[in-house]
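These are the structures in question, set out in turn.
Shared between the two complexes below is subunit A, which pairs with subunit B and subunit C, respectively.
Let's turn to the complex of A and B:
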């Protein structure tokens, strides 16, 4: 009896996902609108195309939800998540051209609440199953590469090109590419600048308590400035710099554009970088630090041989926080002409074109997620090479 | 020879170490014992300038420690601490090689030295060389910590409660190891502890610290039989005194010729062990052996005479 019971045990999260997923089937899966600005009509999953076209996708979604139910079968649950995601893509691919047929030249189809809910459910199911498998850093890197590769292949194939967001992309291909580079430049450039400033500052703060007690409150204060206000504040400051110092304008320093956005991101990034550097350097066991001092290491030798290697995981965690934070914050740069995906978000807001907003938002979310997972893998790799190795 | 002259350390208005003067002979083990807050660790840490003296000086073989840069000074002095202080991200071999690396020894000389030290501490080099500290037991970690302090063959070794974190059985073994290694290497050792048993077991001379002052400096026997102050007497303990005194004297010292009944004890065992054997088996004498053969015996009367207070 107990054995049979155990064999049929349900995962609590799996049940929750199944209930949410089945509920999401009842709300509109896609919308069809007369043009890119007006609100569309919601279509339920069985209305988006002929039954023979929708059935395989619907079956995959339901099967995916059911596979997510059993406890202790993480591989089956992961397979369910993958099957469900494939079903969702199938439904979009079948639904978009079917809905557009005879709907007019300016008609647009978009994924709707039902799609986004199911997407969330299957991503959470995948994350839950993966957490149960506890994959090592290498396997996680492979999974990440696979996920990115599959997503790129689906987008590249043109199977989804009938969707409104892809049409927004198609009409802005060059601008999108430029925005991508600007966004990466803002996020990674400010990270590099914050690291170049923050590491030495953190090392100084580690040694000088007085400097630390002055620096940390200032950096904390910077962090509390609302992001919109911070970007706004940069405008007069850099406008003054550009106007006052000869040659500054030639370097691109002006009140609006890339420079003020970059500076604002660097200021936001300093607290996590400096804070985690100080915390990381202090993380070496007290006895090890005392031994290093007592055996005659110079301050520089203690830093490089003991404190930095032992603090590296914490310092890298700071960089991860900064990277994810800056990828998100860089959207606001669009408001002051700094470029990046924010450009589409604010254009879309002005035009009330939801899919244009999504064209700015979705790549930002994907980029932040990818960066977070990548940095986590990196932190784990350094941790296994510095930590106690008991196994 | 280490000469400590008028050494004082002030923290604000508090005298942590108050005008301590003492001389440590080359090749001996000197144990500094006291309660917590007595200034014993501060005194030790002023020898390798982990604490800078407020006044006074330390001379090692005639040279003032103030004439050398602190980190250069420290590389010449072994330093072992409570909780071993091993670097968790370095292997056993790299931990032991830390000071030779700072001194830029050639690679093969370092490798040979690491293996030599591991063998000295009864740890198979092949098995332990590439392990990390977290893979070792507490006793093994402590041995690697002491091996690291010995790596560059320092003439002087400072040990700050090196066995404080070990359980009693492993601690006794570590103390035996230290005596054995000291006999073999002959370096000068200054060791800090709060444990009078440890002091009596290890020391050639004991320095008792109380409230920053050196209240008595003498051989274990002197400390036990003629405590200079009530504090020293308290540290030794009234009840324990005769037994501690017996623990200092080897059986061979009062052994007489002739056989005795029952199980024998080793010639280098202490009179305390002999007394215990007498009491437990109800004998008035126990035979003494060396190398498996009987060489004489000790009597209970003779043991009792040794334990008696002689003013």
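Let's turn to the complex of A and C:
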């Protein structure tokens, strides 16, 4: 009885996803607009192209939702998510040219509410199935690499080039590339600078309680200052530096642009770096410390051979927080001429061009998610290796 | 402690003066303003901007707290356990979405103004509270749970008298995180035409008036620091009271 019951059991989350997913089929899947500014007309999933073109995609979406239903079959649920995502891409590839046909030279097609809801449902289904499989760091790295590779291949192939967001991209390919480098430079550069500053500071704070009790509150207050205010406050400071110190302007230090954005990001990054360095160094178990003392290690040896290796996962978690946070905050740089994806976001908001906003936000979100997953894998890898060393 | 209180009072007085009597600071800010241009932002009353800013944060964080704590309670009950990994993943992965992206993405569907800002603040504010509340409600000392069951408490009594009070510190930390993020995101909200203090900074950026930027930045920064500090104090009081 229980055996049979288990075989037929539905996953509660799967039922939720199926209900949400089937509901999302009823709202417009794509929109077609006369140009890039005006609001488009919503098209239901079965109206975007001929039935023979939409049917395979629709079938894949429904099958994906149904595969998400059974409990205890995590692989099937993951396969369902993949199938559903493939179906969504198929529908976009079929729908975009079909809708554009005879719609005028300036017409734009975009994914609409229905698409985004289904995308969210299938991504959550994938996350839920993966949580059930509890894959190790290596397998997660493989999955991440596959996902990034497939996404890159789909975007590269040009199959989606009829979509409005891809047309926004095509008309500013060079600017997009430049923004990508600026964004990465802001996020990773500030991470490197914050690590170079925060790491020694964290080690000092670890040894001197007085310094720690003075530094940590200042850093936490810095972290609470709203990003726009922080970026703004850097402007007069750096304008003064640029005007006062000879040579500073030649280095590109001025009131607006890259420099104030970079400095603001470094200031935000200091708390997680210093805080987690202090916490990580303090995390070494007393037994390990005693052993190091007993072996006659100098304080420097204790730091490098015992406390640092044991605290590495916590220190790296701090870097993960910084990286994800700075990828997001770097968007604000677009407001003060610092470049990056924020340029597109705020241009898009000014022009009320939704797809330009998306051209700025989607890469930012993708970058932040990838960085978070990558750093999680990295932290887990160091954790398992320190665990192995402990055994 | 006395020095800290004196500092708090100074910051508070400075903030009130900046909001109520911007004229007093004209001399100090004048070198930063463009020649012949306005020094202090006086297009709208700073008080009404401040109040609207605070209203957005309080409304969004209040609603987010109610919904997030309710959700956390649901997924930590026996009937909701199936949804707990999902809630965890949403809270974890959702927080990697930059707040400004959530705000920008709310505009196409909700239009400009305070509406999308409120929704973005609410949605984003849910996540840290949800994460902390789930953590707090699942990491309870087994001895306390055992004792609650042992003295014959019903599930409801155990929840309201044991579990929530014990999880409160972690939940409060989540609420503080959420409020800090909401204050910052509300500031950016002025780029989508929400009436918040960010307006002063944006006006300064658009007209190359560093005096406006500094004025707005100072007011928003002081607000954030004072609110953060107040919440830390309230947490300490509550926990101290609970322990006695």
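Here is the rule we go by: the second predicted complex is superposed on the first by the 384 of 391 C-alpha atoms of A that agree within 3 Å, B and C clash if a C-alpha of one lies under 4 Å from a C-alpha of the other, contacts with A are read in each partner's own complex, and residues count from 1 in each chain.
Heads up, the rule we're going with is that a residue touches a chain if its C-beta (ideal position, glycine included) is under 8 Å from a C-beta of that chain, and two chains touch if they have at least 3 such contacts.
Just so we're clear, the structure is a prediction, and the values are computed from it rather than from any experiment.
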Partner chain(s) touched by A:294 [first = subunit B, second = subunit C, both, neither]: first
Subunit B versus subunit C as contact partner of A:365, first or second or both or neither: second
Contacts of A:92 with subunit B and subunit C, given as first, second, both or neither: neither
Touched partner set for A:377, first subunit B, second subunit C, both or neither: neither
Contacts of A:348 with subunit B and subunit C, given as first, second, both or neither: second
Which superposed partner A:309 touches (first subunit B, second subunit C, both, neither): first
First (subunit B), second (subunit C), both or neither touched by A:69: neither
Which partner, subunit B or subunit C, touches more subunit A residues: C
Of all residues in subunit B, those that touch subunit A in their complex: 48, 50, 70-76, 79, 81-89, 98-99, 102, 132-135, 145, 148-149, 158
Interfacial residue positions of subunit A with respect to subunit C in the complex: 11-13, 16, 113, 124, 127-128, 131-132, 220-221, 223-230, 232-233, 235-236, 239, 255, 324, 327-329, 331-332, 335-336, 342, 345-346, 348-349, 354, 357-358, 360-361, 364-365, 368-369, 371-372
Subunit C residues touching subunit A - in the complex, by the definition given at the top: 32, 82-83, 85-86, 88-90, 93, 96-101, 104-105, 107-109, 180, 183-188, 191-192, 198, 201-202, 204-205, 210, 213-214, 216-218, 220-221, 224-225, 227-229
Touching residues (chain side subunit A, partner subunit B) in the complex: 285, 287-298, 301, 305-306, 309-310, 385-390
